[in-house]
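Below is a structure I'd like to ask you about.
Letters A, B and C mark the chains as written, and numbering starts fresh at 1 in each.
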C-alpha cells in the first residue's frame, strides 16, 4: 500500500479555507486510486477545534506551535519537512492561495522532491500521479507525470466542489510534536486592515460592474446590494466614473484598472474595446444588456438580454437565498 | 487665414533646446512679439502654465529649466492652433513644442499610467493598444474587396496605403479601413498595404516627447519601405501623414504622400458617378488639426461631402482654422484620466456640444482618433441617439452601396 | 545596502500561443518573449529602496532571447550593474534555474554578500515551482512571498515586509537579512524610461557575463502533453424571466464555489 495522501488544511484568521475542502474531495479520489488513506495536516496554534471539521479525511495530523499561529513560510516548511520525513506520505496537496502558494516550492526545494504547480486536476494512472497544469495565464494546459514519493502538488482553487467534503463526521486526530525555533528568521508582527472606503478592485474575487445601463446614480444601489451578497464590490466602466457616480478607483478598462476576478458581472456595459481590455481575463464573465448585439456578449461566458434594473434585484435575491441569508 | 505649406524639417544639425536660439529656427523664435495670441487660442489655455509665449520668454531669460520641470505641457494636444494664429508665423507646434516636450517628458517624476502603457505597447507591439502585431492586418480579410499585402506579394505597386493603428485594430477604425478599401477598389487604384509589417508611425509619441520611440519607428519603416517599390504613400492616419511629410525626409524619404481625404478629392470626377445612393443626412464636418490647420486641407473633405446626394452641410461656429481639437493629439489620446484627475473638461465633449448645437445628425470626421473620442463624448453627454459620427470615407462608401 | 534583482523572460501571452510539433512545448514560430511582469515590479521595488536607503542594485538574468534589452533597460532605470549567465541549457525549468543560481551566485565577481534578493513572486511558466522560495531554500536564507511593501534596516539586519492577503488585508513581518523576497507589486507601478535613454545606455554600458556551471540537476516532472484549453466563442445566452435567469446564475455560482 502506498503512503498516505495528505492535504494541507489551510486556515486563516480562524477559518478553514474553501480550497481546503476542495482538496479533500480531490485527495479522496487520489487516495482511492492509490489504495491509500487520506490525511489532513493542520498546522497552527490553538487551532485544534478546526480539526473537527476535517472529517472528510480519514485522520488529521495536527502540529501546535506559537510560530504557526499566523501563516509563516519558514515555520510551515520546517514543520512539514519534519512530518514528511517522519511519515513518508505518497503525496501532499496544497492550495494555491496567498496563504499557502509558496509551501510546495519550499518543500520541494528543501527535500528535493518533485512538484507540479498550477494544477487544475490530478489523477492516478497506473499507480502514478498525472497532473493537468494551467500555464501562461491559462492559455495552455500541460499534462505532466509527477514522479517520486512523496510528490507535492500545488492545486488551483476550483478544482472540485468543496461542499462534498463538508461532512459531519469527526476524524481521528493525532497531535504531533515538531521542534521549531521559538524565534524564527521570519516573524509575524500584525495585520494591517485596508483603510475604510479605500477599495482595490484588482484584489476582489467578485465584481459587479456597472455601465450606462444603470441609468442613474441611485440605481447603483442595486449593484451594491448584489456585490454585498457575493462578497465583492462594485466597479464601473468609464461613463459612470465620468458622471462622478463612483470614484476613479472603481474604474475598469483602458483608463482604469485591469481586473482578473473570479466573477465579473457586466451590468449594462456595452463592451467597448476600451472597457473589455480591462476585464477580459476574468475567470467567469456574465453580461447583462438590453442589446443582444452588444459587443460584451462576445467576451462574456454567459449572457442575459434584459434590463439590469430588473435582473440585478432578482440576482441579489437568488444569491442570498442560495447562501441562506435573508435580507 | 489658411496656413501656408511649411517645409519639411532640415536633415542637417539636430536642433535641441540648447542650440535652438543659435539655429535658423531659433533666431526665428526670437522675433516673437509676445502678443499672447497663442495662449488665447490654445484650447487648454486657461490651464496651460507655459503657453508658447511664456516658453519663448523663459528661453530668452535663460529660465527654461522652470518650464521643463512643470508637467503643464502635457496639456498640449498638438492641435496647431497656436502656430496657425501666430502673427509672426513661428513654427511653434512643429519645432518649439516637440523640443520642449521631449525635455519635459524625460524629467517627469512619473509618466501617467495610461500614457506609459500606450508608449510601452507602441515600442513592443507597434501599436498603442498592445495588440499582437500579427493581428494588424486581420481586418483586411473582412474588407469585401481584394487587398494586396506587400509582404506576400512584393511586386511594384502604384499606391502604398499606410493604414495606421486605430484604423487597423479599433472596430470603428476598421469600418473606416473597409470603406477606404472599397473606394480604392471602385476607383481602380493599384494599391497595397504593408500588412503585419506595418507599425505605428509614432507621430503622437513624438508629439508627447518620446523622440527616441519615434526615431526607432522611423528607422524601422525606412528600412521596411526600402524593400518595396511604390510611387506614393496614402494614409488613413492624419498624424501619420504629418510624420511622412515632415519628419521622414530627414532620413531620405522622398515619395509623395497624401492623406486619403485629399487623395479621394482629387478623384472626385471619377468618384461622383459612383455615389448613387442618396443619403438624407445633415452633416457637420469637424476639421481635424493635422489636415486642417497644419496642412490647409479645408475644402477637400467638404467637396467630397457635398458630392454625396442628399447631404446637407452645416458649419459649426468653430470651423476650419478655428476648429476645436478633439483632444487626441500630442499624447492626449492617453491622458484622459490625467486630465480628469485635474478636473479638465474633455475637448471632445466641448466639440460635441457644438456639433449637436448645429442640429446636424451626422458629425463627419477624417482623423481616426476622432471616431472613438466623439462617439464616447456623445454617449457620456447623452446625445448618442441624436447624432452619429462618421468618417468622410464611411459616408462615401455608404453612398456607393449597391454600386457594382 | 546591496540588492540583487533576478529577472527572466516568459512567453508573451498577448500573442496567440500554439503547441509545437512535439505536442509538449510551445511552437517557437509564434512565440515572443517578454520580461515577467512580477520581475519588473521587483526591479521597481529595488529602485524605490535605493532611492530611500541608498546602496547598489545588481540586476541578473540567465541568458535567453531578448534578455539584453531587459538588462539594459534595468541599467537605464538605475540598476548599478547587470549580469548575465551565459551558456546554460535552454529553456530551464524554474527549479533548474533556482539550482543554477544558487550554485553560481557565490562565484559572480564582486556580487555577494547581498542584503536582499528580490524577484517576482511567481511567473506564468512556473510549472515546477516558484523561483523565490526555491532559491531561498537552496541558499538556506529566509524568504517571504506575495510582498507589496518593504523597508530595510541594514544595521539591525532586518527588513519590515508587507505580505498581501485576501480582501486587501496585509500582514507585516520582520525578516532577518539576507533574505529572498517574492514581489507581488512594487509600492509604485514600474517606472517608464524613455527609449532614447535605453538606446544611450546600450552604447555606454556593458552587461557582465558569467559562464553557467555544468547542469547537475534536472526537473523531475515529465511533460506528457501540452494542449490549449477549450476555446469559448460567444456567450452562452441564458433565457427566461429575471427570476428564472437569476436562479440559473445562482446555481452556476454555487457550483463554482463563488456563492
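By definition in this document, a residue touches a chain if its C-beta (ideal position, glycine included) is under 8 Å from a C-beta of that chain, and two chains touch if they have at least 3 such contacts.
Not measured: the values here are computed from a predicted model.
When chain centres are defined as mean Cα coordinates, B lies farthest from subunit A.
Interface comparison, A-C versus B-C: the higher count of C-beta contacts falls to A-C. Centre to centre, using the average C-alpha position, subunit A and subunit B are separated by 47 Å.
Put simply, the C-alpha centre of subunit A and that of subunit C have 21 angstrom between them.
Put simply, the C-alpha centre of subunit B and that of subunit C have 38 angstrom between them.
Contacts with at least two other chains are made by residues 130 of subunit B. Subunit C makes touch with subunit A in their complex at residues 10-11, 13, 17, 19, 24, 26, 95, 98, 121-122, 124-130, 132-138, 141-146, 160, 162-176, 179, 182, 220-229, 232-238, 242-243, 245-247, 249-259.
Listing the residues of subunit A that touch subunit B in their complex gives 212, 238-239, 242-243, 248, 251, 254-256, 273-274, 277, 295.
Per the touch definition, subunit B reaches subunit C in the complex via residues 105-106, 110-111, 113, 116, 119-120, 123-125, 130-132, 134, 209-213, 215-216.
In the complex of the two chains, the subunit C residues touching subunit B come out as 14-16, 30, 34, 188-189, 191-192, 194-199.
For subunit A in complex with subunit C, the residues that touch the partner chain are 12, 18, 22, 70-74, 77, 97-99, 101-102, 104-106, 108-110, 113-118, 130, 133-148, 157-158, 161-162, 184-194, 198-200, 203, 205-206, 230, 262-263, 284-287, 292, 297-306, 310-311, 313-315, 317-319, 321-323.
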